[in-house]
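Read through the structures below before going on.
You will see chain A twice below: alongside chain B first, and alongside chain C after that.
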Partner chain A sequence: MSEQWGFYFDPNRCIGCHACAIACKNRHGVDEEGVDWRRVEHVESGTFPDLTGTNISLSCMHCADPPCAKVCPAGAIEKRESDGIVTVDQDACIGCHYCGWACPYGAPQYGSDGLMQKCNLCLDTGPGSGVDSPAKQDQERPLKPACADECVGEALHVGPMDELMDRASQKAAEAFRDSDDDVNIIVEPFSGNADRTDVAEEETAD
Partner chain B sequence: MDATGLLWLERGHWGVTTAVYLFFAALGGGAYLTGVAAYALSETGKRRSHVTLARWAFLVALVAVSIAGIAILSHLADPLAGLLFPVTLTNFESWITRGTWILVSLGVFAAVQTLWFCFGELGRDSEGGSAFVRRIAGRLGLDGVADQIADRIRPSGSGFWVVAVLGLVPALGTVYTGFELAAVETVPLWYHPTVLPGLFLASGVAAGIATALALTVAFDEANSRLVLVFTSAVGATLLVSVGLLWLLWTSLGNTPAGIESASKLTEGALYIPVVVLLAGIVVSLVGSPLLAWIGYVRSGPVMTGWVVRVSLVVSLVVGVVATFLIRYVVLLAAVKEPLVAVGV
Partner chain C sequence: MSDSSQKRRGITRRSLLKTGAAGAAVLALGEAASPVWGAGTGAIGDASASSAGSGAQTAFGNCWMCHKLCGMKVTLNADGRAEELHGIDGHPRGSAGPGTNGTLCPKGLSQLEKAYSPKRIKQPYIRKDGELQAATWEEAFSYAADRLQTFESTHGFEKFLNWEGWGTSGALFETLLKDFVGIPNHMPHPTPTCFGSMAVPGTLMGLGGGNIRWVDYPNTKYVLVWGRDPLETFSGQWEAKQLLDARDRGATIVTIDPVYTETAKKSDKWLPIKPRTDGALALAMAHVIIDEGLYDEEFVENYTHGFETYKAAVADKTPEWAAEKTGLDPADIRDVAIGFAKAAPSAGINSWTGLGQSPDFFKGAQNVVALLGLVGAIDRPGGQRWWKSMPLEDPFAVRGIELPHKAEGVPSTITGPGVEYATMIGKPVQNNVPKMIRNGDIRGMSVYYRNPLTSGATNEWLDALDQLDLFITIDAFWSELTRHADVVFPEASQLEKPMLGTGGHGAYPNQGWITGSRAAIEPQWDTKSGFDIVKGLADALGYGDSFPWEDEEAYFNDQLVGYGLTLEALEERDTFVVGDEFGYEKWKKAGFANGSDKFWFDLDKKAKLFAGLSKKVGVDIQSGPQWLEPGTLGKPVTAEHPLEMIDSRTVFFSHGGDQALDKPLEQLAESVGLEHKSYRGNYLFINPADATPRGIESGDMVAIESPHGVETLMAKVTEGIVPGTVNVEPYGFGLGSVQPDEEGANNMSLNSETDFDIVTGQVDRHIPIQVRKLGGDDR
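And now, the complex of A and B:
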């Protein structure tokens, strides 16, 4: 693989505003309810008063060895050699929804046409787009992924993984390197709700 | 959202249509197997009762494969692409692609055998319920042509057996219906490649035998000994299915999704189908061979006594319904393993 693109996400900076999800919908013209290429989930653990919660922004992880592509009978899902982005060719998709079961992250989405659509890292706009696009790094005017572009807390970044590693903390970088999962997302360790105030203050100071 | 640090993912990509597809595909395989077995015991067609069972079995196989095909096509967003599978389904790593070829091959073998058993040498003198295809063709004035085609393409002697045995490959290949689910690593209820395929095959064979036998007993003169032999096979395959169901249940595991699936099966909306499933298997497992035995002892060579016959048919049908419910509950109780929010 010549280059692998992916995400960097810092839950400590995510304020759960859903701007990333909405920006994605707008960029790709996905206005159907329940079809979310990117979504923000709030996850809690513990019981009151020891309750901890964080926001998670989720989309396709552009896995190194995507299970969705393995099960797709039509070979409609491709792991691109050029930039590592996983794309879906809707002309080839037969709408069997097998990929929906295979993906551990709920990335494959199905609109009213029943065909699979998902994040293409803004290779192009619209469901099923980007299949024939040049490598992300070779595009003349590459679209900056809308989710990262609109993230108000700068919690989400997109780029080649080696560049994203420069942004990551040592812990996050080690966790990414040591992970058995083949997902292309670097996640900063969540340091608790208290730190969120610090982030907010930092943002205000900026 | 819950307070466990787990993120549950949406599910429900497949429903009843898929259960129907998985069920009829496996039933078709079991019915084809029944047809070959019945004819193998017929002393090359001399035992009419055996040929009748084989005729019903191949008919059932053909109809079941057709229903499975329609079910899966109706499930697809692009049914035309499904019809053009030799061109469109190019990923042979996928069990759907493999399964499509298996199902279509089985359909071809079942169609050929149906032609040979309803027309030509083996079908010309047929009578009773199993001859209904022939009667329909007769009304349309097509029976003569069908007889000619059947006789012309039917190989004699060992050639016939080569075709019959080759057909066993896709018939047993309907085990793929289990692999389609067992390949999904995200669902602990399904991810049992050593159990689920065997369960779907064994219960599919049970359903195939039971359906063909029920039709034979209901609409034709059934040889008592033949019925006893094949109901014993139904009992045996159902017993294997029970063992595999137990293995599946005990190996569900204590992961969050495994616990959730267990809960759905024992407390939720699937509780009643599970009870019906288990009761149906017990009724058919015990009832069918028992009733066949009673019929064998009380009747002569041909099973008589409408009470025993009707009870046997009901018992077999209950078994078939139970084997469908296996797919139904396995599909609808599927829960994906949730994501764990790191550090929460």
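And now, the complex of A and C:
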């Protein structure tokens, strides 16, 4: 693979504003309710008054070995060799929703047409677009991913993973390298209040 | 939302938060050049290589969703339809400063939905035979003009009240009504509606009412975020960005709030204070600071008045004493007092409505503001910032037009010393308007992009609206307010009109700025910009000659003549210019906001006010800093109504203007994890300690009940709120709101018209209530 594109996310700078989610909808004309290519989770743990609150902004992870593609009976989902972006060919999609069940991150979304749509890393605009686009790094004027472009807190960045590693703290970089998961997102450790509990072990209260 | 996705979300959190994510196996090797990004962010006329951008053009705008003017680029498709909105790098309101990325917040991005929303009021309406009926603009203008003229001859304009709203042409509308038509009554926004209980003491003391919000972030070492949530309800995105930068730089952030706010989550310390006890904390902090000799002796000696009174007032106000009042740990109080004082003058307070919306804060806020004088942190690097704006020309003067000042000499029914309906200090009281209408002292009203129904005494208002002889509104979405009007002028949204603004607070800590842009798209349906509405009405009233500008762009360009600028020239500079640097310590030359050369700890120069207030409430209210138990001036909680209801905004909505938009409504529901319900109202945040005994779980519908009213909304059970306190988040929903189904609670239905601050006129938004779970329907 010549390049792998993905995300960098710093929860210390994410203010949970959802601008990323709406910017994505604007870019791709996704107006239907409940169809979220990107969504923001608010995780709260601890008991009053010793709390930790973290936000995390999530989309398709453009996995190294995408479970969604493996289960697709129509071969509609492709892990692109050129830029590592996972795309869906809506002409091939039969709307069976297997991908939705297979993806651990809830990335595949379905509009009223029943067809799968999800983050295409802004290869092009609109559901199912980008299938035939040249590699992200080879495009003459690639679209700047709207979510990162409008991130109010400068928490979210998009790019080739090796470039994103340059902004990562040592801890985040190590965690990324050592992880068994194959998702393409680097996450900074959260340093909330003085009395923080380990968010990793806690589930949200909602 | 299906079960599977619930499960998926669980896995998502765990795997990501636990591991920090991701495998090295797929890491790409090799050099990647920094890409040149395509349409959507590019310069004017960018044509993208992708299909998306072909024929794309860029226009500009200045966001007006929360009225803070964040600059934006608007991507238009070949048909001129707006397709994307983006922030502008280095913009004074939409970035962290020079060379930083400009963005738009979720409200700003939702302007795209607003511009094309089919829920908008699409054409003018006038009341004929008792019914609101669609009309042409010409009909509507001449109808409104006729009705105003009839009103004048029947009642006189001292019985007409205009509400200063947040319309883009609000000031011009007021000029027409006040100076040309002769209407003397104009209900302002800051004191009766927004944060009067802090604004007034803040101004009297000399800080300036509004300045309690502003910290010189780029230079600060210590920020007390006190009853405000700048990471969620920022006044322009610059504020959230600079606060995050200050945190990254190592500044200490302490949040003092009954709610575990977004800012609290990012703070070094959260002090979960019982509401309305902030005054006790402030006194104890002063006690520690004076005790430890950490105050600014030089500033106190030379630039303040009343220190001895202050010192005496805090002598026995130990952290232990305050701990009992506030529910905080005395060690925390001591730490924060010392940290703040040691960092001063590079220390500031970021406060606002959280300490401004209860009569009890008239005193509490004084105690808080006093701290800034004590440590000498006013308008010094890293401290409380005093801004300066770049002045604009008066466009009437530029054209040589003299205003007739018709309202001069017409007695005001709402404002001024001795006016029956005004406060002790002559401030207008919005909660008194229903009574004025009942008494026949107000018979006509105009409201431009503001909603009295969601900002106090809702039930009294609904009765009063029926009794008006003439009611004119300008708005974008329907509500019970506009449905009661005789004339409804539909206003175009920001993308459809030119903009011009000057500031002031923003990303340039030492410079003022001007920002402006031309309309990006045509007015949608049969709407008009606020300017064109005012001009059309002026024409119909016979004042057309005094409004000679052919369009709003010409009107704005006149205001820019002093700088040799036009809106077009501003667009060439990405919508903004910045001015010369201004310095610190402006009080040295210009004095303080109380008009004196001293900051006043003690307001003894207003002794009469305090004597009068003491007599009225039967409690000794002193002129200096003082502790008053919650409920002394406001309403105490009782056994029957044991929970203190407060309210707040969220990042998805400004005040009451845009609760009709689907995307922010859905994102709000997602933010509390309740999007799988069909409910799209606001939420009651309640601690399990209060929820569990009432059998309430997240997602249950609950009734909130004061002695005055009942409303229903959905509960969100959270550890992130002080037990005994419930928060309506966000306000601006339910009865009378623009939420199309009036879903959610209008918590101001629980406010009675008699519940307001008798000094400042501020509506009391700290309401003792009971909460009950509602049975049955699971929405």
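Observations, loosely collected:
Everything that follows uses one rule, which is that the second predicted complex is superposed on the first by the 192 of 206 C-alpha atoms of A that agree within 3 Å, B and C clash if a C-alpha of one lies under 4 Å from a C-alpha of the other, contacts with A are read in each partner's own complex, and residues count from 1 in each chain.
We take it that a residue touches a chain if its C-beta (ideal position, glycine included) is under 8 Å from a C-beta of that chain, and two chains touch if they have at least 3 such contacts.
Quick caveat, the model's predicted, so the values are computed rather than measured.
Contact with chain C, but none with chain B, is seen for A:G16 once the two complexes are overlaid on the shared chain.
Residue contacts after overlaying the shared chain place A:D132 against neither chain B nor chain C. In the superposition on chain A, A:D166 makes contact with neither chain B nor chain C.
For chain A, the partner touching the most residues, choosing from chain B and chain C, is C.
In the superposition on chain A, A:C103 makes contact with both chain B and chain C. By the touch criterion defined above, A:I186 lies against chain C but remains apart from chain B after alignment on the C-alpha atoms of chain A.
Of the two partner chains placed around the shared chain by superposition, chain B and chain C are both touched by A:T47.
In the superposed model, A:G95 makes contact with chain B only, not with chain C. Within the superposed three-chain model, A:S2 lies in touch with chain C and out of touch with chain B [touch as defined at top]. Residues 41-44, 46-47, 51-54, 56, 58, 100-101, 103-106, 175, 187, 189-190 of chain A lie in contact with chain B in one complex and with chain C in the other.
Residues 1-4, 6, 12-13, 15-19, 21-23, 25-27, 29, 31, 33-34, 36, 39-44, 46-49, 51-54, 56, 58, 61, 64, 84, 100-101, 103-106, 123-126, 129, 133, 136-137, 139-144, 146, 149-154, 159-163, 165, 171-172, 175-190, 192-194, 199-201, 203-206 of chain A are the ones that touch chain C when the two sit in their complex.
On the side of chain C, the complex with chain A involves touching residues 1, 4-5, 8-30, 32-42, 46, 48-53, 83-87, 101, 103-106, 108-110, 112, 231-232, 237, 240-241, 244, 247-248, 260, 262, 264-270, 272, 651-652, 662-664, 666-667, 670-675, 687, 689, 698, 716-723. If you check the complex, the residues on chain B that touch chain A are 1-7, 9-10, 13-14, 75-78, 81-82, 88-91, 93-97, 100, 180, 183-187, 334, 336-337, 339, 341-344.
Of all the residues in chain A, the ones that touch chain B in their complex are 11, 41-47, 51-54, 56, 58, 67, 70-75, 92-98, 100-106, 110, 113-115, 175, 187, 189-191.
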